[in-house]
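One chain, chain A, links the two complexes that follow: it is found with chain B in the first and with chain C in the second.
Take a look at the complex of A and B:
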C-alpha cells in the first residue's frame, strides 16, 4: 500500500504550501486519479508520492509518506525507486539523454539497480512489448516524436517493476492510439497487483481506468469518491474540467428527451445476455 | 516484437552493429588513434609530416568508413575560422618577414609568413581531421560503455557523456526558440546587426530552459536509480581484441618515439 498521510508541502522560497493536508491511500491493484486545474497541486502530490519531494526538489514536507507500511522519511531515493516509480509529463527530460538506442534507454533504470543482465534484458523486452514499441528498440531516442518518446519514458518506468506507480499526465503527448496503449498497460499492471496514482486531465481515461478520483483545487482536495460519481459531478466543470464523453452524451440525451433509463436497461440486458 | 529478431528473444541486446570495420573498432582504439594523430601532427612540425598524417590517418580511414564527404564538410566548418585567422595573421604580420610577395597598403604578405602559415594549416587540418573522424565513427555512448567496463565510475562516465550530448540539445532548444520568436515577428535574418539583435531575446530562454531541463532531468535520474551506490549492470560493451590492444600500445610507442625524437633534436 502507498499512503500519503496528511501531507502538506511548501516549496523552498514559496510563501504558501503547494499542497495542504492531503491524504491518499492506494491499495494493491487500485488505480486512483488526480484531476484539477493548473497549479492545483497534482504534480506536487506526484512528487511527494514518489519520494522525490523533498529529496530531489527543495521544500518542506509535513505529514508522512508510507510505502508498504513503512515511513520512508530519511531513506535515500535509490532505495525507493524499486518500490515507487514515477513518470513525468515531459518525455524529453525523462530520458537519460546518453543512450543511443531505445532499448538501452528503457534498460537504463534496471541497469542502475545492478540487476543481473538476464533480468535487465527480460524487464526491458517485456516493457517494450507491453507498450507495443518493440519496433522502436534500435532507434535513436533523439529522433523520435513526442508521443513515441512518451511511450519510451513509460516503458522505462515499467522496466523498473515498482509495486507502486505514479504517473503525472502520462498521455499529454500521446495521440488516441497511444493513450489507449497506456490505458491498456495500466489495466494490465493493476490486474497484476500494481497500485497506480495518475494525474490526468483526460477524464475519459480516468473514467476507464480509475476506481477513485480526487479533484484538487488550490492544493486541497475539493471532493473525491468513486470515479463514476466524481467525474459526473457538476462541480468538476465549475473547476474547468471536462466530464468524460459518456457523461456528456448522457446529459445531452436527457436534454433531448431520450429515455436514458431504457437505454441503460437495454445495455444491461445485452451485457447479461 | 522486433528487437533485433532472434537475438533479442534468446540473448538480449548485443549492441548495435557498426557499418564498416572501422566503425566497429573499439572506441578506445579510435580515441588513441585520434589523439596520436593530433599530438603527432603538432610534434612533427613542418608541412610534410602533418600532411602525411592527414592522408594516412585521416583521409584513408575516412574512405574506409565511408565518411569522407561528411569529414571534409565538418572538418572545414570547425577549422575554417581558426585556419583563416592563422593564415591572415601569419601571412601579413609574421615577425621578421622580409621577402615580400604582395603589398596591400601599409601591410605586406611575406614568403616567410606564408611558409609558417602553411605549417600551421597542416597541423590544424590534421587535428580537426583526427577529431572529426573520431566523432563521425564513434558514438559517445559506446566510448562511455567501454570506459565504464574498464573501471571508470558510471557517474563520471555519465557526466562526460551528458556534457557531449548537451551541445546538440541546446542547439535544438535554440532552434525551437528561434522558430517561436520568428513566428511572433522577430527578424533573425538580414545583415549582421539584425542577426546579432535577433540573438538577444533567444539567449535568455535557451539558458533558462536548459537550467529547467537540468532540474527535471536530475529528478528523472534519481527516479531511475542513478544515485544508487555500487556498480551498475552493463548491458553490453564494445568488443575489444588482442590485435587492437597491441595496436593501441604501438600507437602510444610511436607517439613516445616522436616525443623523444623531438626532444633530442632528431626532428626539429
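Take a look at the complex of A and C:
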C-alpha cells in the first residue's frame, strides 16, 4: 500500500503550493492514473509519492506519505528506493550518465542495492527482454534516440523490482509499439502485486491500464473515480484533457445521429485486431 | 520558395554502430505539410538534423533549392530552415522569455519595431504573450516546449521543422501546435514534423513519410498510409493506424484516417441504406 494522505506541497521560493490537500491510496495490484492539464500538479504528486519531494527537491510538505503503512517522514532516500521507484518524464534526468552501455545502465540500480551478481544479471536481462531492447544492450546510452532512452530508463526502474512504481509520463517519447510494451509491462507488474501510479496525458493508455483515475486542476483533485467513468466524463474536456479515441468517436457518432451500436462493434473488432 | 531534396542520404554516427540513415531519397516541395513517422530509433531525428545542417551526410546529398547544402554554413541554412528540438531544454538558454524569442530574429538582423513584432507575434501564436518577462525555467515543461516553438517561429523561416511537437502537451497544447502548423502552412511555408501521435498526424498533415531502419518505406497522404492495405507495412515499423481508420476499415467504409472522415463516411453509408 502506498498512501498520500492530504498532501500539500510548496516548492522552495514559491508563494503558492503546487499541490493542495490531495489524498491517493494505492493498494497492491492497483494502477491509478493522474491526468489533467499542464501544470496541474501531476509531476509534483509523483515526486511526493516517490519521496524525492522534499528530500531531493526543496520545499515544504504537509500531510503524510505512508509506504506499506509506515510514515516515512525523516527516513532517508536510500531506504525508500527499493520500496518505491520513480521514472521521470525526461529520460536524460533518469539515466546515470556514467555507464558506457545500456546493459550496465539497467544493471546500475540493482548493483547499488548490493544484490549478488547472478541476481543483478537475471533482473537486468529480464528488464531488457520485457521492453524488447535486448538488441540495444551493448549500445552507448548517449547515442540512442529519445524513445530508446525512455525505454532504457524504464528498464532500469523495472530492474529495481520495487513494490510501488511511480511513472511520470513514461510514454511521452515512445512510438505506439513502445507504448504498448510499457502498457503490457505495467499490466504484468500489477498482476504480480505491484501498485502503480502513472501521470499521463495519453488517455488511450490510461483507459487500457488503470482501475481508477484522478483528474487534477490547479494542484487539486477536480474529480476522480473508476477509469471508464472518469475518462468518459464531459468535464475532462472542459479541463483541457483529450478523451480516449473510442470515447471521442462514440460521442461524435451520437452527435451525428449515427447508430452507435455499429461503431461500438467496429471499435471492439479494431481493438482486438 | 524553398524545396528540400535528399538524395541517397546516409548517416553513420561517429561510433559506427548504426547506419542511422541508410539511403533516403525524399523531396519536400514548397508549402507541403509533411509528417515523419517511424519506430523509436528509425532515423527521424537524424534526418531532420540534416535539413538545417546540424548534421552533415556520411554519403549522399541534401539539396536546398537545388543547391548542395554542403556549401552552406549553418548560419545560412538557419535563414531557410528553423528546427525546434524535441527537448526544449537543449534549446532554451536566455533569462527571459522575451530574450529567448528575440535571439533568433536578432541574429537574422531584425531590430526595433520589426524585432518587437516578430517576438510578440510568435508568443501570441503559442499563447505565451503574457509571459514576456518570465524566466523560461519558471514555466512548466509543456510551456517551455511552446516557448522553444515560438523562438523558431519568430525567425519566419520558409521551412519549419518540429521534432515531436505534441509530447508532454495537454489537449490545449496539442491544439496550439495544430493551429500554429495550419497558420504557417497558410502563409505558404513548409512544415516538416516528427510525431508518434497518429491521430495528430492524420488530422494535421497532408503527407506522411514512414521510416524504418533509416529508409523510407511508405510515403503518401494519410488516407493511403492508414488504409488497410498499408497495415502490414505499418506493423513492420511498429506503428498503428488511428482508431477511426481501423473502424472505417472494419465497417468497409474505405479510407477514414480522421474522426471527421469516419463520421462523414458513416453518414453517407446510412443515407444510401435508407
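Rule of thumb we're sticking to: the second predicted complex is superposed on the first by the 260 of 273 C-alpha atoms of A that agree within 3 Å, B and C clash if a C-alpha of one lies under 4 Å from a C-alpha of the other, contacts with A are read in each partner's own complex, and residues count from 1 in each chain.
As a convention for this text, contacts are C-beta pairs under 8 Å (C-beta built on N, C-alpha and C of every residue); 3 or more make two chains touch, one makes a residue touch a chain.
Keep in mind that this is a model prediction, so the values were computed, not measured.
Touch criterion met: A:90 reaches chain B and chain C at once. Of the two partner chains placed around the shared chain by superposition, neither chain B nor chain C is touched by A:229.
Contact with chain B, but none with chain C, is seen for A:55 once the two complexes are overlaid on the shared chain. In the superposition on chain A, A:128 makes contact with chain B only, while chain C stays out of contact range. By the touch criterion stated above, A:242 is placed in contact with chain C alone, chain B being left untouched. Contacts of A:256 after superposition: chain C is touched, whereas chain B is not reached. Once the two complexes are overlaid on the shared chain, A:188 sits clear of chain B and of chain C alike. Looking at the shared chain after the overlay, A:68 reaches neither chain B nor chain C. Common to the chain B and chain C contact sets on chain A are residues 90, 92. Those residues of chain A that touch chain B in the complex are listed here as 47, 50, 52, 55-57, 76-78, 81-82, 85-86, 88, 90, 92-101, 103-104, 107-118, 120-122, 124-125, 128-129, 134-135, 137-138, 142, 156, 160.
If you check the complex, the residues on chain B that touch chain A are 1-4, 8-9, 11-13, 16, 139-142, 144, 154, 158, 161-162, 165, 168-169, 213, 215-235.
Interface of chain A with chain C (complex): residues 36-39, 43, 89-90, 92, 139-140, 143-148, 150-151, 169, 172-179, 201, 237, 240-242, 245-246, 248-249, 252-253, 256, 258-259, 262-263, 266-267, 269-270, 273. Interface residues of chain C facing chain A in the complex, by the touch rule stated above, are 13, 15, 17-18, 38-41, 44-45, 86-87, 89, 140-143, 164, 167-174, 196, 198-199, 238-240, 242-244, 246-247, 249-251, 259, 262-263, 266-267, 270.
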